[in-house]
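Right after this note come the structures.
Shared chain: chain A. Partners: chain B in the first complex, chain C in the second.
Up next, the complex of A and B:
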């Protein structure tokens, strides 16, 4: 490999990792070490005190972090399960079955992908408040699912379309019902596509901020992102604690992205070829 | 089901009879999209022509006053200028950096998939938390940039919220960090389709690597670059998380989406919020289409 390429790759890795490293460094320091000059590039006296405070402490901030971490897991988990389930059914029908209105419905679903997500922010808020769903898990999950369904349907549609029909035909000739074929033949083969879709949906849900900022008014439903943004403006919260909270909020996406990067890359590429 | 009635008949007879199964399978998605995407979008369009103010009921016809009111509002005008800068900086930087990263990753090498895994990390993180991570970099006293400056005996760091252009540039840098991985992947996918023989032939003809990049890589990467630019346009025109966290409500960095949030959910003037939403949506669609027309070229290989 040429040296120029080596340097380029090193810069790419640094660019991607340094901001994460710096927050991890700060989160492992005491407040006075974090503010010391000259600045310590490595945490010289590392401590887990900030994490201990957030995970087991009594104060208001640790309680908020713990509750909102629970909320974000529930909301993202539920949104992912519902999205993948509904998108799988629809994508399979769109890819393999012939019925009147198929094209119209399919393209209408896809067309909503071209709208920026925030187009529907205010009307969705007003609809949710009409039905008293503001500040409920149900309201947030409904909004997430409606936002993620078009992409999930599109990724899965592409996946099903790329699979050979022969196995399904063979099973049908053997007398298997269409839902049996879907359950026993198609779904096991489509697992990589389903995993990709689930991961992308989950990561999108985890990153949400403006929708839950509007749709949840207190700690009963606020996800971690909303609580962390709220802490940020308050100068009473030390930067070391804030960064520890930030690191807690990115542990899940970082682990998922590193472990399942192939699925994520494939899903992203399947979702954007139009 | 009794097997006496020839099972093949069910397969063959289905086209003539009304088949309810596919409708049942697409119904949930259709209902979600109709009720929670199309209907709200229609609401947004219709109600942008009404006065919808929680503090000033009832709802009544407003004509174009929501739209004209926007242009008379200095905060809105300033947020539009800010957003223009976010788009310009963000689309340019993410496309250049994304192309550079894609070219670095074009040829297979040991550890390439690991580099890609690390590269997509910023894409996977919430924008809000990214704001907090980068605050640690920018912080004027103990941030990473001031620390590096101190090593060289220089003083100071970067204070957000003072100089408008600097503030917007730094905030957008954080968003560029988030959106560039996807740009790189999309462009890389286009590069993977270029046959190696083209480069070999170019080399035999005495083409320099730069000439090969200009004459082979760049033209053939156009579909990928176009899609990457469209995703960057959508993300930057609707930027919210990074400026909200890094700069709060300060007018030096407020984006149009932030202004929409303030107008609708703090002033409760939903009519104006709808009008502003509609403007961003139309701008997003128009600029995305322009990018596709200018950059996209179908490539036959």
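Up next, the complex of A and C:
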């Protein structure tokens, strides 16, 4: 690698990682150490007390963090399951079945990805309100599904399209029906694509802020991202505890992204080299 | 009918029904299903504040039969929710925040039910001087529940260490004293100005403009700071000059007003904040443990051109959105929450179990008087005087286009602080923005 590229890469890494390092550093300090001057770039007396407080402690803030962590897992998990299920069926139909208007419907679904998400906020809010789905898991999950379904369908469509048709034809010759082919032949082969789609959907859902902010009214449904933002600017919340909460919020996506990095990249590139 | 056409018809009817059910395109009106019940109901109160003490809320519920479901949301998120709910004509709270800076906008848009519909607001005027900040076109949009206003805070110990016995009363003396503190080596950067491009920089400039004896906009929204001799121009020059002269920490380019600015003061890294918030001495700087300057910081009558200047108000109020489900019950809650008696209890006058910890200062002068008489207010005597003389930031209330104006203010002043604009250019840009916005309105 050329020196200029190395320097560029190093700068990019610094730009991305220093804020995260700083949050981790602060979360491992006491409040007085974090505010000490001169600034400690390495925590001299690291402590896990902030994490202990958040995970097992009493008080309003730890209770809020734990409840909202539970909420975000439920909302992202449910949105992922529903999105992958619907996207699998839709993508398979678009990739393999021939019916009138197939291309128009498919490209219409894809075209919705070009709409800025914010333009749908108010209409979705009104629809959810009319059906009494504001401040419910169902409402938030439905909105996530509507937002992520086009991308998930596109990723899986590319994956299904790249698979050879001959295996499915052989199964059909042996008397298998369409759903049997899908269940016994296609899905096992498409497992990497489905895992990619699930990961992409989960990570996108985890990063949501504006939609759950508007669609949730209290702690019964507010995800971690909304609750942590709400803790900022409150003098009663120590900055060390706030940073520990922030680190907890990124742990799940970081672990998923690092562990399944290959699947995510493959999923997003599926079909690009055909 | 062929199957395909039938499917299309069903799909079209379904879509139409969903849109009609959602009421898309309907004008923003009040909640037709609102109830006038004032007992046996649960109301949702959403504010950018901690909930009040449980003991007090329980008393309210016992007295009225109204249960309060309190949600604490940060200020920015709350403003997004208020706008989204109003634009979608959808319920989200029975009572919520009305910020002073959005009064003109909220009043014009009619998103909140005028409070005089429910309460005798005329009778409140004398005891709640900041009610004027929440009046738009003769209607009271919200009732202030605290008395936040801009004040000057000084670390007296640092001033004394620099040999300053008598505290400054004019801008010239104040500036000279800051230079003396720096020269004496008491602290390298004595003055605190939050130069990050954020709302706090705008309010700092408004307060400094008032100190120079002027106002930013007149009652019609015309800019009053274009001429080099004007107060607003001098204020901008003074702020940027202080940074260039080394009176302000260079890192303050990225410091915001809230936690950032106040942390510098609480950790003893600066000697004075010219435009701080009322109540910070008692609630932040005097708090042992989190503050390094406990007992050293006090309020200073804000220095002006020839003597103490007025203090500008930026209080928090609570109002009733048009989509509230229980507006009468919400009004009953606001009447209680913003009353002098409740505010006195918040401030610790009725026992420790009723203290509202994050509460800055009562909006009722009578409640502040009671606190001072009971010796329950750090810097109380000074604060009472400032509260009585506090003035709205804008003569005619905040204009409907305030958010855009404020954006022009803080981005331009920030640019001047970083050196990418001169003070003249920054002030010119702000004036141009004000004229464009006022003209378009």
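The rule we apply is simple: the second predicted complex is superposed on the first by the 255 of 274 C-alpha atoms of A that agree within 3 Å, B and C clash if a C-alpha of one lies under 4 Å from a C-alpha of the other, contacts with A are read in each partner's own complex, and residues count from 1 in each chain.
Please note the rule applied: contacts are C-beta pairs under 8 Å (C-beta built on N, C-alpha and C of every residue); 3 or more make two chains touch, one makes a residue touch a chain.
This structure is a prediction, so every number in the text was calculated from the model and none was measured.
Q: Overlaying the two complexes on chain A, which is it for chain B and chain C: clash or fit?
A: clash
Q: Once the structures are superposed on A, label A:102 by its partner contacts, choosing first (chain B), second (chain C), both or neither.
A: Touch partner of A:102: chain B, not chain C.
Q: May I ask you to decide whether A:31 touches chain B, chain C, both, or neither, giving the answer as first, second, both or neither?
A: second
Q: Who does A:146 touch here: chain B (first), chain C (second), both, or neither?
A: first
Q: Quick one: classify A:254 as touching chain B (first), chain C (second), both or neither.
A: The answer is first: A:254 touches chain B but not chain C.
Q: Under the stated touch criterion, which partner chain does A:122 make contact with: chain B (first), chain C (second), both, or neither?
A: After superposition on chain A, A:122 lies in contact with both partners, chain B and chain C.
Q: Name the contact category of A:210: first (chain B only), second (chain C only), both, or neither.
A: The answer is both, since A:210 touches chain B and chain C.
Q: Scan A:130 for contacts with chain B and chain C and give back first, second, both or neither.
A: second
Q: A:160 contacts which: chain B (first), chain C (second), both, neither?
A: A:160: touches no partner chain.
Q: Spot which of chain B and chain C makes contact with more residues of chain A, would you?
A: Result: the larger residue contact count on chain A belongs to B.
Q: For A:229, decide between first (touching chain B), second (touching chain C), both and neither.
A: It touches chain B and chain C both.
Q: For the combined three-chain arrangement, which segment of chain C clashes with chain B: 79-87, 133-141 or 151-159?
A: Here chain C runs into chain B along 79-87, and the other listed stretches stay clear.
Q: Where on chain A do the contacts with chain B and the contacts with chain C coincide?
A: Dual-contact residues (chain A): 35, 37, 121-123, 125-127, 210, 213-214, 226, 229, 232-233, 239.
Q: Spell out the residues on chain A that touch chain B in their complex, using ranges where they run on.
A: 1, 5, 8-9, 12-13, 15-20, 22-23, 26, 34-39, 41, 86-87, 89-90, 92-94, 97-99, 102, 105, 108-109, 112, 114-127, 142-143, 145-147, 149-150, 153, 172-173, 175, 178-179, 203, 206-210, 213-214, 225-226, 228-229, 232-233, 239, 242-243, 246, 249-250, 253-254, 256-258, 261-262, 264-265, 268-269, 272-274
Q: Would you mind writing out the residues of chain A in touch with chain C in their complex?
A: 31, 35, 37, 100, 121-123, 125-127, 129-131, 134, 210, 213-214, 217-219, 226, 229-236, 239
Q: Which residues, counting only chain C, touch chain A once they are in their complex?
A: Interface residues on the chain C side: 4, 18, 21-24, 44, 46, 50, 69, 71-77, 80-81, 84-85, 87-93, 258-259, 262-263, 267, 269, 283-284, 290, 357-358.
Q: What does chain B use to touch chain A in their complex?
A: 7-8, 11, 15, 19, 21-23, 25-26, 28-30, 32-33, 35-41, 43-44, 47, 100-101, 104, 109, 113, 115-137, 139, 141-142, 144, 146-147, 150, 177, 181-182, 185-186, 189, 227, 231, 234, 237-238, 240-241, 244-245, 248, 257, 260-261, 264-265, 270, 273-274, 277-278, 280-281, 284-285, 288
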